[in-house]
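As structure tokens, here come the structures.
First subunit A sits with subunit B, and in the next complex the same chain sits with subunit C.
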Partner chain A sequence: MADTWADRLSRKAGYDERSAAILILPVFVVLMVVALYPIIYSFYTSLFDIVLTRPWRRPFVGFGNYARIFQDPMFWVAVQRTTVYTVVTVSITTVFALFVALLLNEAFPGRRLLSALILLPWATPSIVNGLMWKWIYDPGYGLLNGILVQIGLLESYTVWLGNPDRTLFMIANAAIWKQMPLAAILLLVSMKAIPQDLYRAATVDGANVFQRFWHVTLPALKPGLMLVLVYETMISIRHFDLFLIMTQGGPGDASYTLSWQIYVETFRNLKFGIGAALSYLLAIATFVLSYLFIRGFGSKS
Partner chain B sequence: MAFPDRSRLSRRSLLKASAAGGLVAATGGISASFGQGAPVNFTSWSAAVDQVRSHVSAFERATGLKVNYENFPWAQYRTSVVTRLVGNAPMDVLWVSDAWLPEFAEAGWLATIDDVPELMKYNADAAQFCTQSMVYKGKQYGLAYYGDHMSFIYNTEILQKAGITTPPTTWEEVVQQSLKIKQSGGPEFPMLMALGIDTWLIEFMSALVFAHGGRFVDVSGNAIMADANRGVVEAATWVREAIHTHKIVSPGAVETTEINALRAMGAGQHAFAIVPTYRLRALNDPSQAPAAGKLRPALMPRGPRATASATCGWIRFYGMTPGAKANAGRRANAVKFMEFFGGKDTTGSYTLQKLLLTDVGLPFCTTPLSNDPEVKAFWTRWAGGGDVIAQQAASAVKKDVIAPWFGEWNETANAAWQSVFLNRATPQAAATAMAAKWKDLKG
Partner chain C sequence: MSVEPVTGMASDGGRSAMMWRRGLRALIITVFSLLLVIYVAGPVAWLVSSSLQSESDITAVPPNWLPPKVTFDNFEAIFAPPKREVTYETRRQGDPATGRFLPSGAENLLPSLWNSFAVGMAVAILNLVVSMTAAYAIAVIHFKGRRAALYTILVTRVIPDIALIVPLFLVMRQLDLVNTRFALVVTYLAVTVPFTIFILISYFEQIPRDLYRAARADGCSHWQALRFVYLPLSLPALVASVMFAFLTSWNEFIFALILTQNITSQTLPIIISGFVMDFTTSFSFINAAGVIAIVPPVVLAMMFERYIVSGLTAGAVKG
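Now for the complex of A and B:
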């Protein structure tokens, strides 16, 4: 087999595995310092009962912080809220993104402009997004109430975020609005890679538009869907900024999610040990879910 | 003749200069850190920044000392300061909320000033409530920055239109007058309450509890909040009924924060509200509030068992770090700074206290200033007179839930209050949950 130009260049320049390792070393060291060390140190922190306002004590408690978390009823409230929020956000984002990707995959006038416009929410900073939706939902002067009253769907202004039955869904709506465009673009890229021959063959076999979607598009989209599901799950399960801006975990405990509990324990109660343990639990949950998605979508069946 | 190697010389010179400079900087730095000329490291939250800056400049001119002034947003202040204190960052003087005093004192982050006569002498001029609020376990930890209380305010125009001549004196009258206002075509929700999860919620609720003649804890610090007749349950019941039975408070109050409430009150959308007194200046400023000039303070209405009006008061103060106090030079400078800011400046006047009132509306703890003509004129202009405010200030009680575990307890309390306001829990159940958390934390 003939040498490639890269092989020849490597030999000429004297590149080998050792020099490659030396070249990679700086990046490796930086990664160790900025990523691996904090991860290990935060686990180490989670084994101590560190309360910043009691600086004179720092007892080693082993997995005591984890045990306390599992005994805390608020942890289970947070797990429930996080699960509901994540399921709602990820499922609706993915379904909407799929529809938008299908739309943008068709040829029609103004498609390029629409593709650009649809990315605008994604480009909006999270803080701005949270403030914007908080104002839209405001029970006194909010746009949502204004529109619904004007078109006759509501008799009078209603409370959106302040109603604990609605709170999580209203926040999820704000998250979906921001996250959906990127998911749509990711799916669109996957759709563009599907060979057109498959559609032509399916059409020749008499498949209608729904059958083509079900038997051709969806199976071919599996890698893209897996990417979207993993990414959206990782984002949603750790969502914090919208909760900080819109509800502060309230009303009552209606939006008390795991990331909010981590914030409260770490930065309000200044319990760094508990906060680190909670963060680890959230990281493990994220990892397990991602693994399950990858396994599920990666299986040959 | 050979020319000297300039580059070599210059490198040597540079190295020598650097070494010498480093040595000078090091020794100078050490002497500066521990000597009379050391800068005063002053940390505050981002409030009255212009007034503080101008007073810092005045202090620097008057004393020849330099001040390193840094400020953080209120929402992040406690966390920022705690991490700096834990990390031994250079701090000499800082603003402290009375709510954090036990926590900071127990952690050894604040120095007592009992043995600093230059500062203790100002107790003679300070309101007793203020001085008591800076005392923990019998030791005083600072000099007041400002002291304030929750005021009940009303919109004179809305009351007049409803044919009401005097503001309510009891919470039952608040309900009756609100219903009358609604019936006469006034605001849908006459009583404005900021019941969102906010740092102010405990002050609002404490004001209501004290106004009902109640307390959260007894003199030994044991929780009495779950006792049905000790104010907490009664205050929570009143709010719940105001929202759900009488419908005089908006159900959206659970997401209304103090700042949003001010905007609504300033816009003339409500007849009654509870606000920090220092907000009266902005509320009655025509450039900031359409309802300016119509918003007046009244005494906090009483609950059925209360014998007199009462409200919740609080103070913020200048505290000194133990690190500053331990070093003679830094201590001297920090004391000068605290005296200049929390006491009298070099002109022998309470200049900053007066400036903070007239510019920002922050009430002071310094009783002699009450008779100052400019101060009287201020209250007349912005509150229609100072008598009600003075009377209410005299009845102000500091939050009795201030304890080393206050912050953590307050997290539970916030959720418990809101569960009542949402009609998801009975006032008794919420108060019991608060009491259980208190007992757990107190140990």
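Now for the complex of A and C:
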């Protein structure tokens, strides 16, 4: 019974297409309402001069919002802060993750326990991550000051997050703590995919540990490294949670990044047009950077 | 790499050199493992330790690494809040754990914990249902336009979340869904679904197509092929998807901040961030709230570590 029923259905022209449409429909309905429509609406908004404190006049300005952003000195401050934060976070995360992956690629007792343990930061909610480090950095009672003074590296308690020269690096450190594990796992997986024969051949040829790492591991890791770089860049360049919970863009404008500027323009200054245009600039930057990474790595291999 | 050298085994000198190298290797691995454990677990241990200390103990200089006197007063204040009839006496008494100050809104933690659980569970289940059907359609049924469908789904993750918030808020207000958990569930579905579909597609594509042909030849409908062939063979990816969806919605902050403004729908991160930004709240209490928020995701991640790693990296291995 079932056979003939299914056969008949299958033979009917368009069964595949109809099934596919039904199976994919729920996702499209959700994405349409919650993602695609807002994306398009947001672009539309970016072409108007919408200020919520002046609701009666919202003239069409075309790309005027974008032009105004480029003339705003705070935008360039934000670009600079975002660049520093992203470069520091992505580079340290990647190098650190590479070392951790090399360690976890070795066979030793406790390795499985260790690789489960490094998921701890990954699973930590970013808000808790933020408050945890804020408390560690606390100028009066924090652990960082406590340890550094106790072991004699510091003479007296000092200000960490509240010092404009340090803020971005302090926030980056919290971000690296959370982002390193996933990067390490991704690199570890690509490492495990390298054929052992390559190492044996290199050893027979007289290559030492460092030569094997440089000539065998690193080239084979290129796709994995590219993935990590793209992923970490996308996460860091638009990161928001830590900036809200730890510094709110401060002290002064020391951690005034692009995502923080979007938040301020949209929700504090209520300039929806400018906020939307800024978001689009950030999206384009993300897109271009990912493309460049993929191109750069692709051409060498 | 732990590949043994092929030469130099014969002489005594060679052997002792090898023993020395083995010892060195074990030493290096031990030292780096310990450093890694301290780096990863240290901050969280300090979070837990200071959540068990009273206000006077956490403000000690130098800091107490371990609680000199363990107190559960913070957790008691959260899980068994005292009657908050405000009289002159209760005002004066306050709560000893939080420096005689229980933050206003402490009683909101428990409902928000429940909200986080409810939203997380709903997202985990719905995400799996809609993603597996869509992934099956794209990976298995060779219909026209499957590439376009996939790219449309993936491109929704390129725009920063913060760009979507204003239009999303307007949509939700139009649908009368602001301040509901349902709004969060739908939003987090859109956030998690693209990645889940990507993972499931790469898993489904590794399953031999002959199994699919055989199932269809035996008269299976597409639904049956998915149910009896593809799902049983991709268990790690399914578990990873559920975990990923739950953890993402448990941890999400910025959407919940804008879409929910009262305790009927606010999740744990929103309530906690309120404490952090209120300068009068003791860090002893804030840390206790942080511990509560950290426990469920960490327990899940540890329990399902194997599945999470193999599932999350399924798409990455292909390069």
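Going forward, the second predicted complex is superposed on the first by the 265 of 301 C-alpha atoms of A that agree within 3 Å, B and C clash if a C-alpha of one lies under 4 Å from a C-alpha of the other, contacts with A are read in each partner's own complex, and residues count from 1 in each chain.
Convention: contacts are C-beta pairs under 8 Å (C-beta built on N, C-alpha and C of every residue); 3 or more make two chains touch, one makes a residue touch a chain.
Every value quoted in this text rests on a predicted model; they were computed, and no experiment measured them.
In the overlay built on the shared chain, the residue A:L218 is in contact with neither subunit B nor subunit C. Once chain A of one complex is fitted onto chain A of the other, the partner contacts of A:L270 are limited to subunit B, with no touch recorded for subunit C. In the superposition on chain A, A:G140 makes contact with both subunit B and subunit C. In the superposition on chain A, contact of A:E17 is made with subunit C only, not with subunit B.
Between subunit B and subunit C, the partner in contact with more residues of subunit A is C.
In the superposition on chain A, A:G162 makes contact with subunit B only, while subunit C stays out of contact range.
Contact with neither subunit B nor subunit C is seen for A:V87 once the two complexes are overlaid on the shared chain. Judged by the touch definition given at the top, the superposed model places A:W122 against subunit C, while subunit B stays out of reach.
Subunit A uses residues 138, 140, 248, 267 to touch subunit B in one structure and subunit C in the other.
Only residues 2-7, 9-10, 16-17, 19-20, 23-24, 26-28, 30-31, 33-39, 41-42, 45, 99-100, 103, 105-108, 110, 114-128, 130-136, 138, 140-143, 146, 149-150, 157, 177, 181-182, 185-186, 189-190, 193, 196, 199-200, 203-204, 209, 212, 223-224, 227, 238, 240-241, 244-245, 248, 259, 262-263, 266-267, 272, 275-276, 279-280, 282-283, 286-287 of subunit A touch subunit C when the two sit together in their complex. Subunit B makes touch with subunit A in their complex at residues 79, 82-83, 86, 103-104, 106-108, 196-198, 250-255, 264, 269, 404, 407-408, 411, 414-415, 418-419, 421-422, 424. Across the interface of their complex, subunit B is touched by residues 52-56, 138-140, 159, 161-164, 247-253, 256, 264, 267-270 of subunit A. Within the complex formed with subunit A, the residues of subunit C that make contact are 1-3, 5-6, 26, 29, 32-33, 36-37, 39-41, 43-44, 46-47, 50, 58-63, 129-131, 133-134, 136-138, 141-144, 146, 149, 152-153, 156, 158-168, 170-171, 186-187, 189-190, 193-194, 197, 216, 218-224, 226, 247, 250-251, 253-254, 258, 268-269, 272-273, 276-277, 283, 286-287, 290, 293-294, 297-298, 300-302, 305, 308-309, 312-313, 316-317, 319.
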